[in-house]
Amino acid sequence: MLLSLMIFVPLLGMIVVLLLPRESEELIKRVALVFTLIPLVLAVYLYITYNQPDLEHLWKQNVPWIETFNIQYHVGIDGLSAILILLTALLGPICVLASWRNIEKGIKAYMALFLLLETGMLGFFAALDLFLFFVFFEMTLLPMYFLIGVWGGPRREYAAIKFFLYTLFGSVLMLVAIIAVYLNSGAPGDRTFDIPTLITLAGTAGHALADPVFQRWIFAGFFIGFAVKVPIFPFHTWLPDAHVEAPTAISVILAGVLLKMGTYGLVRINMDMLPEGMAYFTNGVGFVGNSLALLGFINIVYGSFCALAQTDFKKLVAYSSIGHMGFVILGLAAGNEVGVTGAILQMFNHGVISAMLFLLVGVLYDRAHHREINGFGGLGNRMPIYTGITTLAFMASLGLPGLSGFIGEAFSLLGAYERFQVLTILSTIGIVVGAAYFLWTLQRVFLGTLNPKYEDLPEINRREILTLVPLGILTIVLGIWPHFAIEMFSESVVELTTKIMGTLQASL
Amino acid sequence: MVVTLIGIILLCPLAAFAIFALFGLAKRSFPRQDLLSTAAMLVALVCSFILLREVVPDPEPHTVDWISIGKITFSMGFYLDSVTVIMLIVVTLVSSLVHIFSIGYMHGDPRYPRFFAYLSLFSFSMLFLVVSDNLLGIYIGWELVGLCSYLLIGFWFEKDSAANACKKAFLTTRVGDIGMFIGMMMLFAKFKTLSLYDGSENGIFTLVEGLSGTGDMIWLSIAGVLIFCGAVGKSAQVPLHTWLPDAMEGPTPVSALIHAATMVAAGVYLTARMFPILTPGSSLVIAYVGGITALVAATIAIVRFDIKRVLAYSTVSQLGYMMLAIGAGSYVAGLFHLTTHAFFKALLFLGSGSVIHAFHAMHAHHNDEHTNGEEHEHDDHSLVHEHGSEIPPDQDMRNMGGLRRKMPLTFITMLIATLSISGVPFIFSGFWSKDAILGGVLGRAMEWNSVHHYLLFGMALCAAGITAFYMFRLIFMTFFGEPRNQEMHDMAHESLWVMVVPLLVLAILSLPVVNKLWFNKDYIIRPDQPHVHAPQHAYVSPDTKTGDVDFGIVFFGISEAEAAEDEGGQDIGHADDAHHAAHELAHNIAMVLSIIVAGLGILLSWLFYHRRRFSAESVATKFSPVYNLFWNKYYFDEFYDGVLVALTVWKSRLFAKFDLSVVDGIVNGVATIVRQIFAAFIGFFDNRVVDGIVNRVAEVTWAAGGRIRRIQTGAIQTYLFVVLGGIVLIILIFRAL
Amino acid sequence: MNPLENIESLAYFAPEILLVIFAAAVIILDLLVKNRESEKVAYLALVGLGCSLVAILITNSILGTNESKNLFFGMIRLDGFAVFFKVLLLLATAATILFSLRSEELDVRLKGEYYALLLAVTFGMFLMASATNLLMIFIALETVSLTSYILAGFLTHSPRSSEAAFKYITYGAVASGTMLFGLSLIFGMAGTGDLATIGQQLPALLGSGEVTALGVLIAITFILAGIGYKIASVPFHMWSPDVYEGAPIPITAFLSVASKAAGFALFLRFFFSGFGNSEVMQSIDLGLLLAVVSALTMTIGNLAALPQQNVKRLLAYSSIAHGGYLLMGAVLLTNGNAAIVDKGIGAIIFYLIVYFFMNLGAFYVVVLIANEAGSEMIDGYRGLSSRAPLVAGAMAIFLFSLTGIPFLAGFFGKWVLFAAVIEGKLYWLAFVGLLNSVVSLYYYARIVKAMYFETAEDTDRLSFSKGTFALLSVFVVPTIFIGLLNIFYSLSERITLQ
Amino acid sequence: MSLQHYLVISAILFSLGIFAVLTRKNAISILMGIELILNSCNLNFVAFSRFVTPSENIVGSEVFRLDGQIIAIFGIVLAAAEAAVFLAIILAIYREFGSIRPDKVDTLKG
């Protein structure tokens, strides 16, 4: 019940915003803020109560929706979705705050779309019905398209349509897979989209869904759908454009949450529902057996090197997040407790850290109105606080131990090493390069002599600090005591990995 | 009790930093950050001394479960044995002194508070590294000290040289760290844990004993070497040593604390910690790396003129010694040298600092000092750093000379340190530790009669001689003779008391009596190395632990024989005479030789630089190839910048291009095929070239649309023709089916 | 169930009769009222539609569920299928009349017969939806066609309109002539015009060799020309872009929805009762034929829509493409499995419901913009988001629904279709369809882009009446909610052909 | 005369009609072509009705059913109606374009 409330409160907020007169901008912003804060409050409550059996009923709901196809409105949470919901709910108000000043036109439509987007994201992470899952997955498309296309940079139209077409293409394949799963889930009478049911069915020997070959194909279908979202090489080329053009807050959401939708889908569907398929692509036998890990490795190294070559601050961060998502893929490919835990941690942490990075880029852009890395220099003297926070974010992102970024990467690698020694060792290159491009950027932007152009660049203001501090604290706290996050999903992970590992043993 | 104390030790500096950070966010700064940080360090120092008596022979780690997923648990915790305490004391002691020194040295710097905050953060990280009981914890501290070193080297980041140096330091050490991390991954994959000592019998050290068979040995050796890579990076061993000299761009106290006494020694500490997992193979690698480093760095140091660089290279070379010692199994000797070196090298740096500071009166302050125009030109911000930037005048020994009258205290203290590092016998700690190492190496050489160790001993000996030479060269050029630069000389003056007091303290610490604190008999117990045995051809029983000097000899004058007895008794039981004989012999020979080479070194530099009996220049010209080799630091930097860095940058550019051309190119290929398909049934071709996936496919489909439009001529009879054509076509096709 | 004779039939024929009566009434009233008040005529027409609707519902209730009556000696059949289409067509006509009231391009003086013609065409479509005899099929088709020709050319002094009418009639006449020839062949084979009988006899005749598969193929292809031209399927689609562009916008809307729907009704009934027997279909591989036609239809429709600048024309091509999607459902009729056949019909019906709302809505916006901004070109839509935010928003919803973006009705329509097609194991067809819907995004998005991402030359806000928004919301609300409610699915499930 | 003869004739008519429709450069002759097509169909219906449709036996005497003929009659009627509309539209075309050449009427295209 509460979960549904959390999902649809932003939608309600959208309606409210739409009813407000467009002139009263301050009011609109406040309303939007309130309606993004409510889910946050609920999410915190969720964090407190998610594993209390007597309160579980709060966090699940299952009502029939379209009986004809036996589609249900079935939402619920486990550790994984809970943590991502937490992330989404956290970034919501932060993005509203980040959009407070630098959205000049049509703040009303902007906030309305943003709230719709948040509903889509929350719903996606909570959905336990395959059809609902897909609907929410696509629901994020429209708002994103408009948010990039209307409020974006110079090449916004191109970026927006590119983003839209890519994701649509991926989701088309996913749709086929979904239909296939549905049709094979049983006799015409009792077909179902219910994910838990499907998972059990896929586990029962002899069932159509359990057939390894079938699972491989379905796996591929879903995988491409999610791979575009993650994005996994070679489906990644939409990401830099989208990021560069999108307004700050939208970049934050894009990197912070939307990318996670892809990886979340991989865990929820590809791993949990299709263990046979997963085993086939990660059993380490031959090229196919290593393909998933290979993609992870390519993402890591490729993303890092591309980032190294960028001179646009935002593009650099965008490519860096391609690299970091690579660790997630690698960890998931490992399929063992440590690897998957690392991957999930990395999802959350990258969400937080990349959000910070994009916010920081935005802060700089709002002041200097360009993002050319070589165009700055010596800012460390001019804006020490900004420099400090940026250094923190960079260090977290390049995986400095003691900050949250490290644990995700380290665990993904630790886990992956057990299964894919060579690829993992090669992937560590990414860590060095990661350090390289971040430090180099740090040097070019903040160190050295102050560029006279920016003699009087104003220091980061309180509102901006307010958006950054929670994320910064989270980065440090989770770096010191990751258990806060891990305890949420450790059971789910153990369950999942035992299944995967079992299937692997069987398949080998 | 122990936990509480360690907690205090860790939290004090951390709190000092946190306060700074919080005030920073509120856009102001804490009034007396310097006192705050210093106080915090002093508290930590006191606690460390209290801990001294808490040490028990075979301690339990105090751990908490940090992360636990299913069966696998990562614990975090403290492990307090004698080594830990020694490190704690060294770190807190030097750190406190440096704090005090900095109050004077950094006075007036615009970022004065931040400097102390960074120092505190560093101290915290270093202490955390030291007390951690597991590899993960060590790695965390490891990287954190790296960060602090980065921040402090780049403290005057307006200097491009500094900006480059700090980046270089971080990246170079990071390369080593990756090796370390891979090593950790290997260990984890094998043992499913990263904690070293574990009460419940599944710490790495207990598990490693279970290993057997050559396959395991090879694997373990590789793991050991990989972990050692981390140490190579941090402790600036060849080939990753190049960052340390550049690191001298940082303020001198930083050099003293981080790049002489503590952080760089962390590598040695790590290697010592991992002592039990070392195999003969990995030990030998470590020993060689250490030996080579010792020699190479020493030779480079001979020809430097920047006083700080000389010290930097000497640091590298001394660290090489320690590695050598541990590689050769002289565990205690290595740690002993670590401590003694920490003190006298810190002393040397602070001394040089006070000299530099003395020259500062005539210069404007640091941060606007080196940011003059011509340096601006070559700040092209490329990843390839330019280095060996011309020596700042206040660090150039050629501007100094005859300072001993000007700054007597500095002179005395530095002289003591120099004597100590050069290994002048009996009253200086350096002598004993170095001799312990030489003796240890020679001992193992004789005992295993292995060529390797004889060779290593040779290297160590040469290095010792050279060290004595260049250190006295420094002293002579700086303090003796006539002032070479009169005006600077006139400006020079003895430093403030805040700066002198630490010098004195360190000078006292450079006397052996102090080190008696912990290096008396079996205070440090050399851990067991389950997989290191004397080779078959050795003439001692295989399972004998070897290679340590007993400092009973040094401090209590116990006879060699007794020492041998003790040592034997320390063994599993049976000591045999050959073994003792080897060691008596080894120590005697080593002692004699080291005294000789030290004497030679000093004599030579006296002849060269004080009496001017020979001129260095003429020698330099005579052996110009060698001289150039030394002067260019064996061309390491050139190699790295020219090849590796360039390669990386090039590769990244390539990848970026790849992203634009090839990936999209592939899709364009697909698009072309798609176009062919359309063309097939539409009957036209589209030859325009566009790049970018979406607009490409769009172009293609678009063009296809255009083709269809052409059919839509607008003439009704065409339409009708299509209709009837369609009908006929359908009939024909489906007739055939 | 033996067919009723004429007098008995009249009761069930009430809806059609009412339409005819009101058509006459409209003409008479038009003579009485003055030009200024000619809205009254429209309202009378609406009343007529209302009465007819009531009559339909009554007859339906008399009929009872899953019952059917053969009227006039089996000339037409009244069943749930027919009822559904009648309601749909009725609503479409009503919408068209309302559009016409708001459309400024239509000539005021001629309103009277205009509405009469609309009623007449509706009447013809009713017959199309229920005809079960070759004769009735032909009559119905011609009634609809002749009236539509006139409506298409209704704009006097507009060359485009006249040209549209000219092309339409030439094309239509040839197509229907060809169809009639095909019908005559079928008639010759079975010796009767009754579809049911034909359906029974053909297999036997094929078996006995009196009729060759080639003959059947030729006949069917000829007939396809007639029906295909009504539903604008490749290669019989070429009239529609020109006619849609030339005709008055309300008529374009009407043609794109109503006449397409009627065409499908006829199509389904004809092939299902006439050739429902799978042997016949197998003998000429009708399934593959339809599949290919459908694939080509949607592909060509979408591709040709890409470069269009005129929104009307763009929507014309898009409606061709949608005809292609609907044909996918029709392909399933050739499937041996009865369950899948029902799924196919259900899918088509559900899609038609969805298509009704989103397409009419889109055309309504075109009407409004043509009135206010006076342009049918995409450029005329620049910066609409700021000039008329609500209308722009509605248009965006319609267009994305047409694309099939989830939680909008269009997605659910496609979903039902593709689910059925995949269940029918026509994977390649489903894949082609899905790719097409990706392509279609591109041109729909161009309009959205113009409305939202580009800025207008003149930025004065367009003003619309309350009624406009009311009517608009009639289309917007269902476009958002149809997919989310179960009733429409179950409705489409229930309607089948015996 | 057998059924075949009629069919052949109607086929010829049909083809002529199609030919006229495709080739004539005058709207009127296109209309004539269309009429040809329709009449070929009517001929078919009548012929089939005569030769194919089974006769019924009512009170002893053989009675021919006239389905085909009826269809033909309706066909003629509709053809007439179509011709009327067509001519009207041709008038409009002539008024707008000043010509009834079908290939002149091609402003709507693409």
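By letter and in written order, the chains are A, B, C and D; residue numbering begins at 1 in each of them.
Heads up, the rule we're going with is that contacts are C-beta pairs under 8 Å (C-beta built on N, C-alpha and C of every residue); 3 or more make two chains touch, one makes a residue touch a chain.
Quantities reported herein were computed from a predicted structural model and do not represent experimental measurements.
Of all chains, the one whose Cα centroid sits at the greatest distance from that of chain D is B.
The interface with the largest number of contacting C-beta pairs joins chains A-B.
Each chain gets a centre from its C-alpha atoms; the one nearest the centre of all protein C-alpha atoms is A. Chain B and chain C, compared by their mean Cα positions, are separated by 78 Å. The distance from the centre of chain A to the centre of chain C, with each centre set as the mean of the Cα atoms, comes to 44 Å.
Distance between chain C and chain D, defined via averaged C-alpha coordinates, is recorded as 26 Å.
Note: centroid distance chain A to chain D, computed from Cα atoms, is 67 Å. Multi-chain contact residues, meaning those touching two or more other chains, occur in chain A at positions 161, 165. Residue numbers of chain B whose C-beta contacts span two or more other chains: 709, 712, 714, 716, 720, 724. Residue positions 166-167, 170, 174, 178, 241-242, 442 of chain C are each in touch with at least two other chains.
Contact between chains, using the touch rule, shows up for A-B, A-C, B-C, B-D, C-D. Only residues 134-135, 138-139, 142, 146, 149-150, 153, 156-160, 162-167, 169-170, 173-174, 177-178, 180-181, 183-185, 187-189, 191-193, 241-242, 245-246, 308, 313 of chain C touch chain D when the two sit together in their complex. The touching residues of chain B, when paired with chain C in their complex, are 678, 698, 701-702, 704-706, 708-709, 711-712, 714, 716, 718-720, 722-727, 729-731, 734-735, 737.
Across the complex, chain C is touched by residues 10, 14, 17-18, 21, 27, 30-31, 34, 37-38, 40-41, 44-45, 47-49, 52-54, 67-68, 70-71, 74-75, 78, 81-82, 85-86, 88-90, 92-93, 95-97, 102, 105-110 of chain D. Looking at the complex, you find that chain B touches chain A at residues 21, 24-25, 27, 65-72, 136, 139-144, 147, 150-151, 154, 157-158, 160, 162-164, 166-167, 170-171, 174-175, 178, 181-182, 184-186, 188-189, 371, 376, 379, 381, 383, 648-649, 651-653, 655-656, 659, 663-664, 666-667, 693-695.
Residues 709-710, 712-717, 720-721, 724 of chain B touch chain D in their complex.
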